[in-house]
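Two complexes, one shared chain (chain A), two partners (chain B, chain C).
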Partner chain A sequence: MSPLGSSLLALQQADSFFPGGAVAWSWGLETLVADAHLGTSPITTIGRRQRGLRHDRSEEVRAFVEGQLRHRWNSFDRAFLDAAWQAADDLQSLMLLDAQVEALTLAEELRQGSRRVGQSLLGVHVALGTPGAAPYQQNILAGTTSGHLPVVQGLIWQKLGMHRDHCQLAAAHGLCTGLVSAAVRLGVMGHVDAQRVLTDIQPLLLELLDEAPCAPDDASGFTPMAEIAVMRHETQNLRLFAN
Partner chain B sequence: MSTALNALPLPQAHPGAARVGIGGPVGSGKTRLLEQLIPRFIARGIELAIITNDLATREDAERVQRSGLIDPQRVIPVETGACPHTAIREDPTLNLQMADALEARFKNLDLILIESGGDNLASTFSLDLVDYWIFVIDVAGGDDIPRKRGPGVLSCDLLVVNKYDLAPYVGVDLPRMRRESAQARDGRPVLFTNCATGDGVDAVVDAISRAVLFDQP
Partner chain C sequence: MNATQKLFRPLAPPTRAEPEAQARIAFSQAPSGSSYISGQQVGYPFHLGRTLKLPDDPAGMAAVYLQSCSGGIFAGEDLHVQLRAGPGSQAHVSTGAATIAHSMLEASARQTVSLTAEAGALLEYLPMATILFPQAKLLSRVNITLHPGARVMLCDAFCLHTPQGNSGLFDFYRAELEVRSPSGQLLAGDRLALTGLDMTRRSPGVSGPFQALATFMLIGQGLPIEVLKTLLRKALRDLPDSYLGVSALANDSGVSVRILTLDAVALRNVLRIAWATVREQLLGIAPRVRRK
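Up next, the complex of A and B:
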């Protein structure tokens, strides 16, 4: 696959228009917002022509995205994405990676989120006839593997012909976009600040991608605040998101 | 004569129009509320324009244009590509562009009212689009709506509960709905209206004026 062809695939796969069920997941953000851990907006209305000037919470959102990118995606998901990309022709290895993600993800809501988003992404690729998608789905349906997101991404994107670094770029960018988009839908920020956060996070994203991913045996995830928030999510009164 | 004029304080540069969103489910009475608001604002000398986000037709815009209440050129429909909530939140750029165009065309506009296409209880306005927004629900839609605490009900600047005249016909306990609305809003404003007759609409005009037209005489 030519670099341009692989880039084009990455654009399509990372596009929030690509249906993968990701819109329904906030990864703890909804609870943090509800608990005012993401700053609060003033109750009083500021007056006329103050559009966009209300208390700006982009710093808090940026910090949340950075935490997720650095300490969950880069140190954990990315290791499995890359390993799955390399093992895309080896069903046994893929299932082993899947089992590792399952065993190493502490919070039930994160585990479930990763499984459900992975399986919906896989479902779309089964429908599209992407090679390797249907057999892997059979294994999930048979209960022999879980279908976690990074494993499915590695498998499917390798089969499509996406280059290794483009897969990582697409996954990282897709994660950031999804989180920022959730923040917009939670009313935390407007459309311009959302793009500002995505722009501000890019140097970090590129810096992380500059280093090689770690091996699955060295994978680690540590986002305690988000994990506690995700665990508390099911008891929240108002729930727009699945986690 | 000219000295007397010179003695007057210089008029301030016109600060631009305040933008007020009107959201809420289909049929709750958003367009009817507009039709009640327009003559009241005009009577107060407010320079007004309207943007409607009809779902699939230009019916709301045309209805307001034909109403005789306002210069039809001041009423503009914006298409939303079947995504009414996107057009007021994730990607409000078309509405922003239309509001800017209205302000460029009608100098000294004080107020632009933006009616969202009917949406569900989770729809909210981007604060990059509006200065203030109203969420309109109606009594006939069920007295459980305030209790369900959708983001529209919770986060709007003003909750309007319309069609209170219908309460006896749809088995709604109005005092209870008032109580539960106030609870859900936690001290933020709620107003009850009958937009068929205009009852309660003056209070809506007052609320908008206080919030975003305070620099008007």
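Up next, the complex of A and C:
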């Protein structure tokens, strides 16, 4: 596939209009806000911004997105996405990657989230007739594999013909968009600040993508505070999101 | 935007083969029901204390302290501890003090702990925290082999410390934990990798204002997960200077507690309560606080 064709597919797959089901998940953000670990700074006003006061809620959200991007997606999810892209024709390898993501994800609601978003994305591609989607879904339905998001992304996007780097770009951008979207819906910040966060995070995203992804055997993470928030979300009284 | 950071990888590329163990300890159950040390090979830098029968421990449990006489972990060291709990045995293994990972200018260090719990065994491996000094570079591995009906309780904790007159933070810390069945199937695991710089960012969702981290686990299959989660959440609710969560491990492998605290004192308090809560649920009696 031509680079332009692959880019166009990446735009479609990373678009929040694509019905992949990611909008229901906050990945710990909802509980961090409820526990007053995020979103307690004053709301940004034009006056504050004009005075150069940048420590506002969008700064906190940007730091949260950076942590998720740097310490979860880049060092963990990306490794499995890339490995799945390379193993898209090897069912046994894909299932092994799926089993590793399942075992190495500590928080139950993170595992559920990764499975459910992955299966939702797969379901859309089964409906669209994407090659490879239906057979993998059969294995999930048979209980022989889990269908975690990075594995499904690698499989499906390779089958669509997306280039390797475009897959990683789409996944990373989709994560960032989902997180800032959750922050807007939680009332932490407004739409303009959300776009500011997405713009501010782009240099880091490109810097991370400039390096090769690590192998699944070296995959790791460091987002303990978000993991704790997801664990606490299980018993949170009022919940807008699924994790 | 913060300064650029290379993706972390250990300075000493890990080999998957395990190094020769400096400490090998095996526990067995005697016909009387009591557990005892049935095999030990312990060399420098470790020292194994005598077997203790402690008040409020189960009658047959063997409790030992495994100490380091070298004063901590130093550059270039490759330490390996192997603990095996035979069928039906009950063992509690701890350390008498925290382990210091010293400044490492020349090379990184590695510590591997291999735990095997055979059928019906209860193995508690609850060392005190690792203290990361400035320029420490440590890879810590815990490999657990879980046989049917076995239970393993463990904690893995670290905190930071900069001695007076020094400056800076640790270089990197990587902690890998894997739980496998006897056939080698990966049941559950946890892999953390961070640098000192990561802690200084104080990012929400990463470490925030907290300076100490621990993971406590009760590992075993067929456990009453929902009961344990409820008990732990109740016991650990509203503890000061801490932020923690309780969750089920993958593949029906048990429960975990992730703990962040402002300092080592709060961390120790949370771990003691988690241990006592699980011990009481498993064995009917809470352990007495150890004087360390």
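Rule of thumb we're sticking to: the second predicted complex is superposed on the first by the 226 of 243 C-alpha atoms of A that agree within 3 Å, B and C clash if a C-alpha of one lies under 4 Å from a C-alpha of the other, contacts with A are read in each partner's own complex, and residues count from 1 in each chain.
Quick note on the criterion: a residue touches a chain if its C-beta (ideal position, glycine included) is under 8 Å from a C-beta of that chain, and two chains touch if they have at least 3 such contacts.
Worth saying up front: this structure is predicted, and the values here are computed from it rather than measured.
Greater residue coverage of chain A by touch, when chain B is weighed against chain C, goes to C.
Judged by the touch definition given at the top, the superposed model places A:N237 against chain B, while chain C stays out of reach. Of the two partner chains, neither chain B nor chain C is touched by A:A36.
In the superposition on chain A, A:G187 contacts chain B only, with no contact to chain C.
Touch criterion not met for A:A142: it reaches neither chain B nor chain C. By the document's definition of touching, neither partner reaches A:L4: not chain B, not chain C.
By the touch criterion stated above, A:Q100 is placed in contact with chain C alone, chain B being left untouched.
Of the two partner chains, chain C is the only one touched by A:N74; chain B is not. Across the superposed pair, chain B and chain C touch chain A at no common residue. Only residues 28-29, 32, 35, 37-38, 60, 63-64, 66-68, 70-71, 74-76, 99-100, 102-109, 111, 200, 203-204, 207-208, 211, 214, 218-232, 234-235 of chain A touch chain C when the two sit together in their complex.
Listing the residues of chain C that touch chain A in their complex gives 1-2, 4-9, 174, 176, 186-194, 198, 201, 203-208, 210, 213, 215, 233, 243-251, 256, 258-260. Chain contact summary for the complex, chain B toward chain A: residues 15-16, 18-19, 89-93, 122, 124, 126-132, 149-151, 154-155, 157, 187-188, 211-215. Taken in their complex, chain A has these residues touching chain B: 43, 45-52, 54, 181, 184-185, 187, 190-193, 237-238, 240.
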